[in-house]
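Each chain gets a letter, A, B, C and D, in the order it is written, and its residues are counted from 1.
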Amino acid sequence: MPEVTMSAALNAALRDALTEDPRVLVYGQDIGRLGGVFRVTDGLQEAFGANRVFDTPIAEAGMVGAAVGLALAGWKAVVEIQFDGFSYPALDQVVSHVAKYRERTRGRVEMPITIRIPSFGGIRGKEHHGESTETYWVHTAGLKVVVPSTALDAYRLLRLAIADPDPVIVLEPKARYWSKEDGELTVDGPGIGAGRVLLDGDACTVVTYGAMVARCLEAAELLAGEGIAARVVDLRSLSPLDVPLLGSCARETGRVVVVHEAPLTLGMGAEITARVMEEAFDHLEAPVARVTGWDVPYPPASLEQHYLPSVERIAEAIRRTVKY
Amino acid sequence: MPEVTMSAALNAALRDALTEDPRVLVYGQDIGRLGGVFRVTDGLQEAFGANRVFDTPIAEAGMVGAAVGLALAGWKAVVEIQFDGFSYPALDQVVSHVAKYRERTRGRVEMPITIRIPSFGGIRGKEHHGESTETYWVHTAGLKVVVPSTALDAYRLLRLAIADPDPVIVLEPKARYWSKEDGELTVDGPGIGAGRVLLDGDACTVVTYGAMVARCLEAAELLAGEGIAARVVDLRSLSPLDVPLLGSCARETGRVVVVHEAPLTLGMGAEITARVMEEAFDHLEAPVARVTGWDVPYPPASLEQHYLPSVERIAEAIRRTVKY
Amino acid sequence: MATIDPRGGTEPFRLIAPDGTAVGDTEVGLEPNELRELLRWMVLARRLDRECMALQRQGELTVYPPFEGQEAAQIGSAFALGPDDFVFPSFRELAVALVRGVDPVQYMQYHRGTWHGGPYDPRATRFAPICVPTATQISHAVGYAMGLRLDDIAACAIAYFGDGSASEGDFHEAANMAAVFRSPAILFCQNNGWAISVPTTSQTTGEIWKRAEGYGFPGVRVDGNDVLAVYRVTKDAVDRAHDGDGPTLIEGLTYRVGPHTTADDAGRYRDEDEVQRWRALDPIERYRAWLLASGHADDAFVAECDTSAEAEVTRIRTDVIATEPPPTEWMFDWTYTEPSEPFLRERTEALGDA
Amino acid sequence: MATIDPRGGTEPFRLIAPDGTAVGDTEVGLEPNELRELLRWMVLARRLDRECMALQRQGELTVYPPFEGQEAAQIGSAFALGPDDFVFPSFRELAVALVRGVDPVQYMQYHRGTWHGGPYDPRATRFAPICVPTATQISHAVGYAMGLRLDDIAACAIAYFGDGSASEGDFHEAANMAAVFRSPAILFCQNNGWAISVPTTSQTTGEIWKRAEGYGFPGVRVDGNDVLAVYRVTKDAVDRAHDGDGPTLIEGLTYRVGPHTTADDAGRYRDEDEVQRWRALDPIERYRAWLLASGHADDAFVAECDTSAEAEVTRIRTDVIATEPPPTEWMFDWTYTEPSEPFLRERTEALGDA
């Protein structure tokens, strides 16, 4: 089995999508000759030409607005926003048009648009380079939102996103771009919306996504040593949410801990807590614990280790929840 | 006691703020000669001159960005965004600067900015004229978010917002602009962050805000006839949340129903459910019920009554929760 | 000849003076029957616009944004488009929609509140859904034009927007991208003097057509109440686009004779004499006078325009009033192509409740 | 004289040719000692810029965006500002910060990752925090300028941004608002040829300075590597602003000799010969040659510039390296003026955990 980084897997996904579907376009800032600041688009312009893989002016709203027009003309745009913190100028086009267009036209015009956003923190980035934007997209009806945590999932989810007739926001955990995984890149597997149990256990369910998945697995290992068997769930899709899986895990373990980088208030942990309560109230033996970023602007590099959920914070929350 | 509409109360709040603080500015689109599309700024330009009350070009990002510069120059801008659906172009300036500036400068530069947004549905408005944008602001650290439900509260909350050294988003329920209330307009009372119990009851706590407050009171009345005593809480402030009040009400009634217009997923109901679980898990006798708008784009006028929580839907949720 | 535009500034391109006399080469390449069509469309458009105002007063429409006074800007430009050219309107382009063959009854669902602005088939009529967030439709047009270029199709996209909308950043990003990608896009600004209550003079201190040079493509200012001049400059822009010569910015100087919408009270912010000055520049009377003088039409045709418009509008009126509110499930039927299980649960709960 | 800018287009305003010979009126109203100051600043700026590159390689800074090649554009414009004029920088204006008296050690906290871009007192130094989201600082400058006008203070605000940033809608909205409110704002675009890997020619097909006319205020293109010319056009803009004559757009043609940041690999997208062509247009050598030839400075002064820069930079280096990471509680201490109870709970939990 070949070993592949998430960045290379995403590159392969774009390459395969461009090859298989002549209507796919890839554009963004510095994604052509440079190959993207994270090299995710490395070599694509050379391989597919500047008509299908091209740089745009620095104009996020215009980039996404153009994707709407391109969709009307029968093209499938895969737009890269350079960093999470620079997705906000595009939010109006996403919320007001990309998410609403199909509804507005009673299904006559679909929006097969993919928006890739290198996301989250953990890379000692500058201000605006470590943001968790998922809440803004997940709350917006009409969008799908996926977050890969491994290279193989990154390939599969990006392929699914590009093939999806509806708009999909792909949040790529920057901190995991260089993490490696063994295996064949394939699109086979469950569709968008399916989470998965990465580690089984009956003491408590740890629900997470993105770069926090690795930390939760570490915490679970740590706790295994203490005789606590935590189940780790990688959501993979934040919209739609795998509510059935959340429900069954909550009912089976009776205890749930949610972990994410985004600030606490109205982060995914809030929705997951609510779903868990709706699905498994009578089975809950402890309140759902939220281990998240704090309700502050993403801090400078020197402080990010105190902002991001640490293995110890996660482990402690699991202990508390199991002991409750 | 004089009777006053919410629109008139807001107008009075702006008038009094402009009178008492010479550094206050009021600007937006059509707020000058026209007096605002909802007449909230009626007569202010005449009274205070075009230097302090003025129309701007149609440029939401520029309007809010200018408020940042005005703050640096010692001015307090009260910016009106014409409708909820047109606040998105300004989101980048709000999230990237208004909310972060104080942190960025270690408290040296405050952002005493108020952004007024006529909000929510229920007025048979066109597309983009019935949106509930609170989740986008409440999830953003560094902002405060208030939502008045009555004329007197509207006066008080807007005065508090303008006087606040930190940025405050004021979501004004359009559907209530012409609702009347008796009483003296005064800024006295609890500060931003305090909710209130509008109707006491021990069977169940109904947590809501904005235009849904009136519907929840109606539902409570209906249920009183059935012998169900529902307690109705008007949050008034969504950020910060009155967590202590949520906790005590949840502990005392053991049952909670949240009602809002925003879509279900990651609407305020999610955060409130999570807080209630954290504060009162051992006292909960039923899962927190969420009665909200659906996860769809805000519908056309002919369908909005099927989108907005109806008195019957609210009452039924309370019945279910009490029976649980 | 001094500018007749009360707003002054650069004299716009004009072929027919307000009194109906030709002041330029009126040979714009249209056949007599096509020249007559222009009048027929404008008459129908105005008659329908006024009917919509009435329908709103009668409670049959929720709100309506009239375009009276802008018939020449809309009809003249729409008439210059080819069948494959795609229109990206704002919310005031009903006259353009008519020319594009959009079913006015479908279109009116938006103003009736029975649906959003796109229940007709935008691809079939090459007319995008009504767009409310100002200027956001311009990048849609540019993206569509980029797609045409990639497909090597000799067609173009035209975005309509107002003088106020041109202040939005979306205008700038779209215009600059159109230039960079040499897209067959036409940016048509109907400068009707007002953005709700804000006059163009408070919206910008420059002339909108001049912005084009900064982006590196041609800009032109035209008398928006001269249907022949509007047709001519738009046709030139369409030809440039089809020939691969890139975008054009057109500023049509016209006037919103009515209120911003039926919910607006224009009396609060503008004098009636300004409106009267513009009524004297009426696009329809001007063109009718020229058409009769030129001998391309006679009184019989003019009369027939009115009667046929009357008949057509009566039919539309009847059908609009007959439009039923949509079934509740439509609220859920087009949010996603393949709805998820949690989404379907909401649908079930809602329909149970409805 | 043909343009020396490899990018071609309109010849920029220039006073000193690349070889150091005067090609215009070099009497710009500066005293000999001030003329010498310009060189001293540029020498110090370059020396510090190179030191920062070294500091980053040594792991003392997280990332650093060098401005080598842009010294004249930054020093010349900053030198033209009065004490009450306020600077709104992007993230590459360290040289401007030096002239404004911003403590470079404080400034460097941003690049060291120990704080965001504004730990110094922006009001005291009249220098706003480092701004990363491209073009968003321009409306801040315009707002500040609006405030100055309301206070009737004869000062101005200047926003610095790049050629790529000028493609953002924020540029347009701010520029148009500056015009409408006749704000004392200067929009200074350092056109350094590149936006990371995208050349200006792919960013826009027009000339950025020409956009000003569309907004109704003056635009000027200046040789950004000619410090005297930059001083002169900026001073004129400052005077206009102070006199209440409104905004000016300045496009300074210069070049980013180094990579976009230390994280960038410019070799992937541009040829070394282009860089060499620009090195031949070096702003410091050019000005030094003119200064010596003009007799306003001698070799001793030139040597002294180098030694004093060396000393200053050594001090800065030591202090930057000495900068400690901030205490954890700082993460919570400035989010709100009066933190709420739930917020304080998070703080307690975090500090317990830290």
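Note that a contact is a pair of C-beta atoms (placed from the backbone, for glycine too) under 8 Å apart; a residue touches a chain by one contact, two chains touch by 3 or more.
The structure presented is a predicted model; accordingly, all values stated were derived computationally and were not measured.
**Q** Identify the chain pair with more contacting C-beta pairs: A-D or B-D.
**A** Pair with more contacting C-beta pairs, A-D versus B-D: B-D.
**Q** Averaging each chain's C-alpha atoms to get its centre, pick out the one most distant from chain A.
**A** It is C.
**Q** Using mean CA coordinates as chain centres, what's the chain A-chain B distance in Å?
**A** 30
**Q** Between chain A and chain D, what is the separation of their C-alpha centroids in Å?
**A** Chain A and chain D have C-alpha centres separated by 36 Å.
**Q** Roughly how far is chain C from chain D, going centre to centre by Cα mean, in whole Å?
**A** So the centre of chain C lies 44 Å away from the centre of chain D.
**Q** How many angstrom lie between the centres of chain B and chain D, each centre taken as the mean Cα position?
**A** Inter-chain centre distance comes to 41 Å.
**Q** For chain D, give me the residues that contact two or more of the other chains.
**A** Counting only residues that touch two or more other chains, chain D contributes 115-117, 133, 167-170, 173, 176, 180, 202-204, 330, 335, 342-343.
**Q** Give me the residue numbers in chain B that touch at least two other chains, ranges are fine.
**A** 57, 59, 61-62, 85, 88-89, 92, 96, 100, 103-104, 127-128, 141-142, 241, 294-297
**Q** With touch defined as at the start, can you tell me which chain C residues reach chain A in the complex?
**A** 86, 88, 115-119, 121-123, 128-129, 133, 136, 138-148, 150-151, 157, 169-170, 173-174, 176-177, 180, 330, 333-338, 340-343
**Q** Tell me, which parts of chain B touch chain D in their complex?
**A** Going by the criterion above, the answer is residues 25, 51-52, 56-57, 59, 61-75, 77, 92-93, 96-97, 100-110, 141-142, 144, 164-166, 193, 240-241, 243-244, 275.
**Q** List the residues on chain D that touch chain C in their complex, please.
**A** Touching chain C from chain D are residues 167-173, 176, 179-180, 182, 202-208, 210-217.
**Q** Could you pull out which chain A residues touch chain D in their complex?
**A** 29-30, 32-35, 37, 55, 57-62, 85-86, 88-89, 124-129, 264, 294-297, 299-303, 306-307, 310, 312-313, 316
**Q** Which residues of chain A touch chain B in their complex?
**A** 61, 85, 88-89, 91-92, 95-96, 99-100, 103-104, 127-128, 135-136, 138-139, 141-142, 239, 241, 262-263, 265-271, 273-274, 277-278, 281, 284, 286-288, 290, 294-297
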